[in-house]
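In the two assemblies presented below, chain A is common to both, partnered first by chain B and then by chain C.
Presenting the complex of A and B:
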């Protein structure tokens, strides 16, 4: 069976796992191509206008896959991936959004992934999903391999980070932490290539995925209340951790994203209090890249100037991040 | 300790009864106004939902009147409401107006903190006062909702224009000063009879419209630009599918005992939304389908801009509308306070409904929206 996976939302987090799992079960996977203007337009047309950008992009990818002739689409109904946490209400309604916004969409493979009560719920839902394709002992084997692959990939990111922190790799340029949902950061088209632009400008880019879960949890303690969105928790923990280590923080948020409206504000308040320059880039259907480019360049210029004249930072006015 | 709290429609009547009975000083902030909104918008994050902005405005106005403690609710997701109190604390801290917060959070969230915040609230009056306060607040809440329901029924039928709203406001103010359950019940009955007396006897059967959507925007007349009143004056009998008393009974009392299940909603929403999506998303879809079965002429869906659960519902509603043959008007509210566009859309919707009732030829029920 040909199973389609849209290259959007949690593809950017769980693809290693999904790929291994379905491959072990002998299913063929088809991933939609990287986001393009056509895909975005397609999604924007199908969705109500108040929907956030990533979900619109997701709908575009689903359309794209439907045209490719897949047998079914993997659109999981993800309630939670970590204990007592949520992703976002839109993930909880994702299969329903897809079904109701798009006509003629292929059948959906949408297991309920609910890890609110611990990882057992997640395992059960994968086993249930797998048992549609293969006998249970094979499914258990596939799940084990998939989970191991996911862990390996996550760990390799962390390893990379630790290697970079090593004193041998003396930093020459600026160190910038880029924070945001993984599906925004790593989608070249949607994020307008902010990460690559920063790298081209000889910056060392750090993201939240490079931190261990323990570090994130530890650095969430500065909050008044436990953050109950998984990605929000990561972003806030990373902001707190990196604020002592980087020259500046760039937050990518999508317009009309519910969780971002809160987390970005909390990050901003934290940066302001600890004196870290913070740039917020809010992304929407707008595809003109020059504005973003200019802002990133200006931000880097300010950081460089601040570094050169370290004694009297900031070199003008009151502060780099005043409103 | 002088307590203030954000507004949500006429909920303040119940809260002030509770706080009064517990023996605390309190400040009821002025009703939400343009000033509240301006204050709230100025200090809140840009794309956050309207209830937070108005809440911040209410708290700031309460502080201006001398409050030093705020009473808020908490939650544990996935809707943003659960984080409101924490964010409001941050906002007030950055403004240099840090006040104490009493956050009625989920007991499983942080029990020690909950205890440390709630104990001083109850200590002064003791448990007996708490019991009486809760009973009184509950009774007032029910009375308020009954009066409002009656007003919704009477408004399209009223003989003298605008008399219902005046009578309702008078009745609500009367209710505020009552101090015993028996008085409240008697008064509520009397006032309901008074309201019903305002209806003209030979009125036609008005169009019936259900209001679905996010609870705050349904209950707070400032946020929804007096939606219910406007519809009433257009000759529409409004039915509010959200009731705060019912919500508290189901989601606070029964669900903490493990007795409340959302199966009824799930059955109604089957085929459209399979599980709760936080907030009132599932309720919206289920209630819209239920309204169609009950023979309502239409539904008005109201939501704050960027509300996460209601956006999911909004994605689904066009299909509910066409399958169940019930016209739905989705209204998104934000800081925008221009009334004319709002009024025009409502008038157009009511026109559509009345034509549908007359059975105009070639009529196709449609989901109206911004787009």
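Presenting the complex of A and C:
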């Protein structure tokens, strides 16, 4: 069977797992291509007005796949991927959104993935999903391999991060943490290639995916109440961790994102308290890149000119804010 | 004898500004403020020919800024192409060393720049919408049938500014019409409009920023005395409008050029003869991938001198300005 996976939203987090799982079960996977203007336009046309940009992009990818002639689409109904946490409520309704916004939609494979009470819930839903395709012992084997592959990929990111030397010791170039949902950061089109632009400007770019879950948890302890959005938790924890280690933090958020409206503000407050320059870029359906470029360029100027003036010491230390 | 100067150009959405700085004392020698009127190249040529006609200049360096800075950079052969924020900050620092806050409201965007000890520490620009910028004031002045130049004077006479919704300019407009139909006088409505714009600015652009004295208000909208007064009463402190408030971006660009050429080299300025060239730009769509990027060819006297607009970068060339930006960065680092 040809199973279509839209290259959007949680593709950017769980693709290693999905790829292995379906391949082990002998299914053919078709992933939509990288986001283009055509896909975005398609999604914007299909979506009701109130949806956020990433979900519109997702709908565009779904349509793109439907046109490619897949037998069914993998649109999981994800409720929670970590214990006692949730993901964005819009994603929970994703299968329903897809069904209602698109005509002539291929059948959906939409298992409920709910890890609120622990990983057992997640395992059960994958086993149930897999048993549509193969006998249970094969499914268990496939899940084991898939979970191992996911862990391997996540670890390799962390390893790569640790392999780079301690960022603060680097004299040349700036170290910048780019924070945001992975489906914004790594979608070259939607993010207007911010990460690559920073790299081209000789910056070392760090993201939240490179940090261990424990590190994130540790740096979220300051919160009086637990952050129960998985993605928000990662962003905030990473902001705390990185604020002592980088020259500046760039937050990418999508306009009209509910969780971002809170986490970005928390990150902003934290940056102000710790005196770290912070740039917030809100992304929407704009395709003109000038606005983003100007902001990024000015932010780099701020960091570099600051360094120059203060003899390579960060200009934003405590003393600057004291009268 | 020709006078040595640095040339700064700021081609924005609404106005095109040119400033000449004396190479010795870096004071403004000449300035021109032109309406862009949707034709950045033509207005740039006009502004330059005006400047050229006012004396004999030996241009030592050229800087370009503003939203059409790449275009201006290619046409001029600029030595430095820089974003508006850096340019505005430098210009304000040049005028007033102790500045800690810069409020800049232009035609399409508004900015807030925070400085401490002469270094930019934070900045903000209006986000996805252009609410609360000069073009809104322009529109409303046109709707009320008063020249924009008189807007501020009339607003100053308002004794009891009416409350106008400031969140969105579309709301503001309907609210304003409502107040006008109730019979409030023009001065009070205009004063209310200024208050609403300032409120909007401080809530959006200024959200969470620490605005400290000394405050400099620049950009085209700073000409509006009503806006200045509204800022002063909202912030409870004095707001300074510098002498050359309308061309601060251009001054900043000229300063950047001066800084850039200090270390080295000769300028890459094409000379004032560019005012006589004919530019015929062509747009075309790239069909190589589904992105359908809109490309622009910059054509000078029948010859394509630059081209850009592709996301992948393969159709972009003639932009050694960009690499010049990069080298300006690395020069700053050393």
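Things worth noting here:
One rule holds in what follows: the second predicted complex is superposed on the first by the 304 of 323 C-alpha atoms of A that agree within 3 Å, B and C clash if a C-alpha of one lies under 4 Å from a C-alpha of the other, contacts with A are read in each partner's own complex, and residues count from 1 in each chain.
Quick note on the criterion: a residue touches a chain if its C-beta (ideal position, glycine included) is under 8 Å from a C-beta of that chain, and two chains touch if they have at least 3 such contacts.
Not measured: the values here are computed from a predicted model.
Once both complexes are superposed on chain A, the partners chain B and chain C fit side by side without clashing.
When both complexes are overlaid on chain A, the residue A:255 reaches chain B and chain C alike. After overlaying the two complexes on the shared chain, residue contacts for A:160 are found with neither chain B nor chain C.
Within the superposed three-chain model, A:28 lies out of touch with both chain B and chain C [touch as defined at top]. By the document's definition of touching, both partners, chain B and chain C, reach A:269.
Using the contact criterion defined above for the overlaid structures, shared-chain residue A:38 touches chain C, although it does not reach chain B. Of the two partner chains placed by the overlay, only chain B lies in contact with A:48; chain C stays clear of it. In the superposition on chain A, A:101 makes contact with chain B only, while chain C stays out of contact range.
After superposing the two complexes on chain A, the shortest C-alpha to C-alpha distance between chain B and chain C comes to 5 Å. Residues common to the contacts of chain A with chain B and with chain C across the two structures: 255, 269, 272, 282. The touching residues of chain A, when paired with chain C in their complex, are 36-39, 172, 189, 193, 201-202, 255, 268-269, 272, 277-278, 282, 284, 286, 289-291, 293-295, 297-302, 304-310, 315-316, 320-321. Partner chain A is touched in their complex by these residues of chain C: 67, 82-86, 116-123, 125, 127-128, 208, 289-293, 311, 325-326, 329-330, 332-333.
Listed in rising order, the residues of chain B touching chain A in the complex are 45-49, 74, 76-80, 82-83, 85-87, 89-90, 94, 105, 109-110, 272-279, 281, 303, 305-309, 311-312, 314-316, 318-319, 330, 332, 369-371. By the touch criterion given at the top, residues 47-52, 77, 79, 84-90, 92-93, 95-97, 100-101, 112, 223-229, 255-262, 264-266, 269, 272, 282 of chain A touch chain B in their complex.
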